[in-house]
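Before any comments, here is the structure.
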């Protein structure tokens, strides 16, 4: 199982999914109306490293994080 | 009388001169071998304002200062 | 060194500690940037969420960039609520000479603003409101969006 | 505010005072630059001469430039001897937002180095040796030299 976490202001429970890559996560989330804006403006990390490729392979135990727009300081 | 001060590392006594402009000061100092390098690298202030013109008129009571290369900090 | 505190920062004390820590390190230049909560738009204060694992990685990368220039960096940030006129952020650079410090602090603070995984909320009427308009999407954002999908198929 | 001290600066205490002075001024950004005497070339320390009337004018002009950007500046500098690892110079900018502070500190410190009427000496074997090679001729220097005279006649 892959754990999917929504950080900061995204009000969403952590999900446990049986997915093999980020494309599959995108497919699962694309029908969720409330998530569309977050999907457009959030970055994605796998095991705390930012990734830029939807084909990125996932294996059981991986953690995916969605990071919405930031404003530290 | 015009008072001429040599600031910082220029080891020179203050002079009291009867001069009407900075050209006259340059003429007085030009035969002083020890002053040549300082004349080349020093800025000049009259009454604590930097000046850039040798024709700058001086009147009795004015103070001329020579400011050699600086390094604060 | 990256320090996270609950609530506002004790700025004078943190700057003192950092200065003293490096007192014998032979750095000629020490530059620090302090961010303080301004009274504007009627807010009562700000509040911060931090995702520490990625913040630590971000900081370690900047520490490496600093070392490559013979410098070191430090940072302190608040978690949770910080009220008006209190401070939430300090960034510092120590370097042998001034040019590196003056240039590095700018790059380091700007990339912090654009990339560090910290979320800011306005405090108003006891509510915590995400400061969406002032936030910046991290580089590479939108990876999971439909439009990204279409873009890739083109 | 321009503060001159005999000998080295109490950095932590000066930064604390400045931070507290502006605690309610609603500046969102406070950036400070501290210059510390480095151990190099076998010196024991540095020593400084300051010509205050022109330094004050220089500082007042920069304070005006800062005000035009909604910012304020502060500065502290040592007179006389400052030994290794002690600090001799602090410059600070307070501004509503960060970009002004980050840009202004750079211009302000660089012009200080190029123009402020302060002379530096190396301390070596109880002697005070003018740091000529590290010094910068103020803009407009050479007004009274012979070569300047010839230049004007050309």
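The first chain written gets the first letter, and so on, giving A, B, C and D; residue counts start at 1 in each chain.
One rule holds in what follows: contacts are C-beta pairs under 8 Å (C-beta built on N, C-alpha and C of every residue); 3 or more make two chains touch, one makes a residue touch a chain.
The shown structure was predicted, so the numbers you read here are calculated from the model rather than taken from an experiment.
Chemist: Supply the minimal count of touching-chain steps required to go from chain A to chain C.
Modeler: The distance in steps between these two chains is 1.
Chemist: Which whole number of Å gives the spacing of the CA centres of chain B and chain D?
Modeler: Result: the chain centres lie 23 Å from each other.
Chemist: Roughly how many whole angstrom separate the Cα centroids of chain A and chain B?
Modeler: So the centroids are 72 Å from each other.
Chemist: Just curious, how far off is chain C from chain B if you go by their C-alpha centres, in Å?
Modeler: Centres of chain B and chain C (C-alpha means) sit 50 Å apart.
Chemist: Express in whole angstrom the distance between the two chain centres, defined as the mean CA positions of chain C and chain D.
Modeler: Centre separation, chain C to chain D: 28 Å.
Chemist: Could you list which residues of chain C touch at least two other chains?
Modeler: In chain C, the residues touching two or more other chains are 35, 98, 109, 113.
Chemist: Can you list the chain A residues in contact with two or more other chains?
Modeler: Residue numbers touching two or more other chains: 73.
Chemist: Give every touching pair of chains, nothing left out.
Modeler: A-C, B-D, C-D
Chemist: Would you pull the chain D residues touching chain B in the complex into a rising list?
Modeler: 35, 48-51, 53-54, 57, 77, 88-89, 109, 112-121, 130-132, 134-149, 152
Chemist: Name, in rising order, each residue of chain A that touches chain C in their complex.
Modeler: Listed in rising order, the residues are 7-9, 22, 25-26, 29-30, 36, 39-45, 48-54, 65-73.
Chemist: Which residues of chain C touch chain D in their complex?
Modeler: So the residues of chain C touching chain D come out as 11-12, 15-16, 19-20, 23-24, 26-39, 85, 96, 98, 101-103, 105-106, 109-110, 113.
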